[in-house]
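The first chain written gets the first letter, and so on, giving A, B, C and D; residue counts start at 1 in each chain.
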Amino acid sequence: MNLLSVLVFSPLVAGLIVLVLPASLQSRYKYVALAATILQVLLSVLVWVRFNPSLGGVNNEHTLQFAEKLSWIQLNVGGDSRLQIDYFLAIDGLSMPFLLLTSLVMFVAVLSSWEITTNLKGYFALFMLLDTAVMGVFTAMDFFLFYLFYELMLLPIYFLIGMWGGVKREYAAIKFFLYTLFGSVFMLLIMVGLYFSVQDPLTGDHTFNMVHMMNPANYVDGSLFAKFSGQLLLGIPARSLAFIVLFVAFAIKVPIVPLHTWLPDAHVEAPTPVSIVLAGILLKVGGYGVIRICYSIFPEAALGYAWWIGLIGVVSIIYGALNALAQRDLKRLVAYSSVSHMGFVLLGIASVTAEGISGAMMQMISHGFLSVMLFFLVGVIYTRVHDREIANFRGLSQLMPQYTFFIMVAFFASLGLPGFSAFIAEAFSLTGAFKSAGVNGLIPRWMALGGSVGILLSAAYLLWTLQRMFFGQLRLSGGEPWRLLLTDVTIREKIALVPLAAMALLLGILPGVVFTQINTSVLDLVKLVNP
Amino acid sequence: MLACGAAVIPLLGAIATYTFSKRNRGSGIAIAGSVLTFVLSALVFYTTWDHTAIHRQISWFTIGDLTFTAGVLLNNLSVLMLFLISGISLLVHIYSAAYMKLDPRLPVYWTCLGLFCFSMMALVVADSLLLIYLFWELVGFSSYLLIGFWNTRQAAVLANKKAFIINRIGDIGFLAGIMVLFSQYHTLDLVTLFSDHGLVASSPRIGGVWVGATGQLSQAWLTIAGAVFFFGAMAKSAQFPLHTWLPDAMEGPTPVSSLIHAATMVAAGVFLLVRVFPLFDQTVLLLIASIGTFTAFMAATIALAQHDIKKILAWSTISQLGYMIAAIGMGSPESAMFHLATHAFFKCLLFLSAGAVIHELQHHYAKSGDTTDPQDIRNMGGLRKKMPVTFIVMTIAALALAGFPGTSGFLSKDAVLVSAFGWGAAEQNVFSVIPYLLFVTSLLTAFYVARLIFKVFFGPAGQEELHEAPAPMRWPMIVLALCCLFPLFSVNPVSFESAWIMAGFYLNAVEAGAYHTYVPVLVSLGGTAAVFFAWFCYGRNRSGNIFTDKGMLYRFALNGWYFDKLYLAVFVKPVVLLSRILFGFDKKVVDGLVNAVGSLGLSLSAVSRWTDRYLVDAAVNGLGSISKTIGNFTRNFQNGRVQYYLLATVAGVLLFFMFTYFL
Amino acid sequence: MIPLEHYLLISAALFCIGLYAVFTRRNAIQVLIGIEFMINAAVINFVAFSKYDKAKLGGQVFALFAIVLAAAGVAVALAIILNVYKYYKTIDPGKIDELRD
Amino acid sequence: MDQQFPDITGTFSAVTGGIRYLMPEIALVAAFLLGVIIDLFFSRRFRHAVLICAAAGLGAAAWLTLAAGDDLPADPLFYGMIFSSVFSNVFKLVFYGVALLFLVLCFFNRQLQQHAKGTGDLYNILLVVVLGMSFMSMSINLLMVYLSVEMVSVGSYLMVGYISGNSRQAEASIKYALFGGACSAIMLYGISLIYAFTGTLDLGEIMVRGLENVPSLSSATAITLVLAGIGFKLSFVPVHFWSPDVYEGAPTPVTAFLSTGPKIAGFALLLIFLMTFFVAAEGHRFFDFKNTISVIAIMTMVVGNFSAVWQDNIKRMLAYSSIGHTGFILMGFVSLDHGGFRAMFFYVIVYALMNMAAFMLADYVEQRANAVTATGYAGLGKRFPLAFTIFVVVLISLTGIPPTGGFIGKLLIFSSVWGQYRATHALLPLAMLITGAVTTVISLFYYLKIPLNAWLRSGDTAVTITTKNGLLVYTAFAIMLILLAVGIFPQLITAYLPG
């Protein structure tokens, strides 16, 4: 039985089990979910071990690993063509690290779901559905399958935020849903357009297969998205319009500055486990989408707009960091810091250099661990005193020493202290961006320096928060009851936090663990985008 | 192999102290660790000083087609620093075992100190710029931890945040330098870059074009790279624009100040400049020299007016560092290293003895419940009878600082001044004033250090029950005092060339010009004159002091030329204000903008209040309101009357018919 | 004999009168009368033009069916109008507008 | 004499020869007659007798249609009155399925069961309407078209007004009757004009030739009038005013049936019309069907979706949503030669399933918590978890979000219209595509109103009337499973679709 299918659909099975179990066994649901995530972690470790780093496989099908291709839908739509969609799962260097990241983040999210009390059955079923959808997105190599999982992600999140969220949960939930749906509806049109322009070299039918979409030979000449057909769509060359639409659809997920307004609302209103998944994985789907679809299928458009993407990256870094500086609510601060950190990813990708893209990939993985750890820690305080205002706490280090230790690890790691993964990621994204001026002239040098200002700002707002909340004399706005409530981290919380910190440290000291895995794919991608 | 052993031991020590610290509060293990480190580094020093440099490396990770290596480079420079750091850290370990005995969080203290020693040692021996940067920030981080050690005190917490952020500013410079070099030479390995026939030295700089391994950049980028590296060093060595964090860093425990903020960490900046020396071209050297000199002069003037004993020493450290940086700027890194070595010893000793004084006063005040500030020299006096050993040791260190003949300070300061004058002669324009400025600074140094000694130890005996510092504090001070004297560095007390450190750095033949002789003489005469003048002001009559407290100059100096307030007003406040404006902008306009696209200018609050009545509104950004208007239009046809429906239908059919038929 | 155009004119006129009646009358039964008018207009057409369809006489057959179906339609409508009267006490279509947007 | 009756035996044998192909219809007539008799005698003692008889009749008809399978008459029967083809068979099966589901709904509807006059007659009328609908899908003669349309319309007036338990139901029936009467009269007049111009009632070559050599203004008028008549059945834009009021007023089972049965019959009729006018007339010199239907489709989608946004009453909202779906299916009609055929069939079947399921659940909630409006649904999610989970999946399918049948339907229609656009690069297909995409997003607004109120908002705990209609939810669950299965493996349906 192929590994990837098991990895993708095991949570769905767990979800069904949860649905079937009678309500009396309510406390058992979380253990079923936990078992599913542990299984997933083991499987992804197995995938990691059996992954052969020398095979690049970005745009040639033979070097894709764990590939699994079955013909799924054969509709003869009458007229000239047959609708041929196949169930094509595969991974390569670009998507493999995300599997381990997703399973680990899901494990931590389920662990932090102990605090959920109202109708658990619905909660865990939706959670498992979300898990399947996200795993599917990272492994799907068929655009239709990718779109199917991409849309499937929306619903569970809408209900998870909507039903278990904070005060303004409805507004936040529907806002998230609309932002993403707006992007994806037009992606559907582009997908259908691509479908009609690409022909499977073997069977001659139209196909959704992404790998075929990547090499221009498969395009029917004269079709809408053929490379040199110069077809115009609403006045703009079709291929660049397609690139813009797809980039906007994924940029909403990254998020980039003008389209980021859903992130703070969604995170503030979402319960802790959901905001963990939101920050840990969903932002990466945006980045992954840009690399896998925008950059691989429309390389020349990617080069054309590199300058703009780089600019958006820098603006996101600085804008996000400045906004984080002004926050009073801790969770909103972490949300804005996510916007700033994801700016590095965009900058790295825009530079189309080996260092830049590896830095961007590393940043996505390290931000995955660090933002999850940060949200988990915010959740720890929130579950105890239901308050996140930074001003209401002073001198927590005396009250909760171990908690302060974890907070300091998380804060220093995410501000890019060397020895942790964020430093390697940000340093190489910026170096890649800086080098690109000399190598392929895509990004001007001042953008790299602008990006490095972001590192300084992140140090500013994180340390300021650390100093206001944790050091100085103990003074809690909640007074004595809070002092009793604010107990130190429990064993369960430590089980969740320690692996995350360990992973961040491991990737900081031995970045080779990730880099060797993704190196060949990154080189293939650079060759593909910028021959 | 010994070297990486030496570097790693403090880290092991740190972890060990933290884990087993419950039993004897970790002091034993920590001191054992540092002794072992000292022995190992002494061995390494012995084997590699003046021998061929040892360079071992292993591959760390590969990105694209470049493999990054991590390894150890031992040449004279790194070995000297290694020996220096391990020696001083051993003494400070012993000292702080006594000083911090009753502190509840001692194990945490040992861990942080261990972490610091590890990162400092590793910084010194690292062989690639990326590794140096890595440990560079780790050193900053451990200094953050140690400054903020007593994290219940608000001042300490503010200070360590300030220190870390200013260091971060410097690190951006360092990172930018790395980026420039990497994009130019595609490698960060020190040996390939900066050795004599390395890439940087050999790459031609003809006609404004800096030819690198792959492409070439304009000459300007070479100067920018040099300036940017210096910017990084400025933050770490507290040079002029980024120096404000060092005086505040005195909030940390005194042994920390002595080890980190006197001897080792601040010297890291100088070490980096010496490491990267081939990169600097003329303009950058000039910049370094001028900033170094200005810092030295400015710090000296500020030190004059300080009352807190540790603040005085902090400003004097900044001033001495200014000396070293100026020396590098003037093209003689060897005299800078010499001064760095000697300065490490006597400044560390000054801090330790100040620590002893503060320690005793704290006990005394704690017992008598008196709340005066133990660190303020105005209410100290006549301690020489109570604490004779501390007095003697501190005086020796003071003399070394002032550059009195017979002490190591004299040798190293002369080295710097002689090369300054040698260099000064060659410069025509305004820069020729630099050597004279340095000379005036040395006079000021002599004056404020004398003021310190007289204020603390001479004059009427204030307190009675004071007694000498405990043994474990006294012995390290005595050892340090011995190191401050000249024998440790060169056999002949007068001529600095014969010092083995200078020999170690293949001194390029300094012409025995005229300066060679009269400069040392002038300096020592000036020094003694300054000391007598200080004796005249502070020594004999306590009251009649010449300088009034109210003078504008006095207040200007006391507040550190108001740089702190300037930075606060110019940088910190506007950034926070900007971020608040941006957040407001983000909340109202960007969110609103996205809605405005649909809701034709309705502000977000109006839209959201309006939306809550219908689901649509809970959903709305912009799209909702368009659909609502169209929905409204189509809706009011449904007014319930069937005949109206029929009329509308026939009208619709006719309209439709005309549209399809006639258009 | 009467030329064919006259038949067309009469049926068109009848159709318009029926349509007018349907729109304006204030009484449901009169609306039904209007609908009858329109159906009869169609019947006129059918009968007039079946002259040319000697073989199958399609028009005549259709006329018969139209009359029968009209009768069925009116019967059902009248039953429903009775029902409405029970509730609204009026059969003015204008006033029966409880179901609206 | 013989001139009038040239060949009695010939005509007689032609007529009886055709009977063999009409077995399903005969089964329906038999069931109807049997039902009437049973209602007279046995309904006192055994209430559900007529229901079982009707169900048996429908079952037999369905079985006979399937059994006939591919033994289809080559040429039209009964002198060109009826042409039973593989298309009409598919339509007939859909009608029988919808009718059976209607019976299930009636069985569990409390208001119907407690009705004084008993529901016997309702089932008989249902059989007549189904008979009318199957004739609608087979008739190729204008007389037959009018006859079957009248049969279905009059039957549905009766079904809407059957209970008249309150003023709203009576109002709905009167509106439906008046509006329907007028439209069928208009259609009749249109048919008479066509007869006048072409002299024949058979939808075929002669009619098209006749219409061509008549001045285009008059032929266009005739065809527009007939289209208005068909439009009444389909309720597309200019003729859609009646459907929201009638759907809201009528009892829910009847509304469910109305929104699927007669509407799909209308599609069948439109298909027959288009087939004749496309196939016969190569160009459409006298009347451009493609543009007309495209504009109608766009208008219908816009009106349907946008006005649904305001609705609070569930049935009224579903009425507007069915108008929207009509527009979507019309899009398929435009690109028949680009795979629109199969797409339209697929969408029709999935639409029938979705609508039936949605109305079933609306009925279930109406009876259990007598909540009729969306705001009335507040907090019900926790009290009827299974019902509302199914409701959410059905609504997702109605919106057209993946893994559901609705999405595949929309995808097929989109790709056929895209094929049309690619072939002609005309502006209208592109406009249709964009309207389709935008209205899909708009449809999310009102479809999501139900789960939002049910799950996200907490309502007051109104009293729940406990009735024994659990089976209703389980049928809805079955339909949901079918929808999901079709969503993931569309071959289940497309394999059996013709064209």
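Remarks
To be clear about the criterion, a contact is a pair of C-beta atoms (placed from the backbone, for glycine too) under 8 Å apart; a residue touches a chain by one contact, two chains touch by 3 or more.
Protein identities per chain, from UniProt: A = NADH-quinone oxidoreductase subunit M; B = NADH-quinone oxidoreductase subunit L; C = NADH-quinone oxidoreductase subunit K; D = NADH-quinone oxidoreductase subunit N.
None of these values were measured; they are calculated from a predicted model.
The greater number of contacting C-beta pairs, out of the two interfaces C-D and B-D, is seen for C-D. Distance from per-chain Cα centroids to the pooled protein Cα centroid is smallest for A. If each chain is reduced to the centroid of its CA atoms, chain C and chain D end up 26 Å from each other. The centroid of the Cα atoms in chain A and the matching centroid in chain C are 67 Å apart.
Once the centre of each chain is set as its mean CA position, chain B and chain D turn out to be 80 Å apart. Centroids of chain A and chain B (each the mean of its C-alpha atoms) stand 37 Å apart. In chain A, the residues touching two or more other chains are 170, 174, 177-178, 182.
Within chain D, the positions touching two or more other chains are listed as 174-175, 178, 182, 186, 244-245, 307, 310, 441, 444, 448, 452. Chain contacts: chain B has residues 615, 618-619, 623, 635, 638, 640, 642-643, 646, 650 touching two or more partner chains. Touching pairs of chains, sorted by label, consist of A-B, A-D, B-C, B-D, C-D. Put simply, chain B touches chain A in their complex at residues 60-66, 130, 133-135, 137-138, 141, 148, 151-154, 157-158, 161, 164-165, 168-169, 171-172, 175-176, 178-180, 182-184, 214-215, 217, 575-576, 578-580, 582-583, 586, 590-591, 593-594, 608, 611-612, 615, 618-619, 621, 623. Residues 72-81, 83, 119, 122, 147-148, 151-152, 154-155, 159, 162-163, 169-170, 173-174, 177-178, 181-182, 185-186, 188-189, 192-193, 195-196, 223-224 of chain A are the ones that touch chain D when the two sit in their complex. Contacts from chain B toward chain D in the complex involve residues 614-616, 618-619, 623-624, 627-628, 630-632, 634-635, 637-638, 640, 642-643, 645-646, 648-650, 652-653, 655-657, 659-661.
For chain B in complex with chain C, the touching residues are 635-636, 638-643, 646-647, 650.
Every residue of chain D that touches chain A in the complex is listed here, in rising order: 337-343, 382, 385, 396, 401-403, 411-412, 414-416, 418-419, 422, 433, 437, 440-441, 444, 448, 451-452, 455-457, 489-491, 494, 499.
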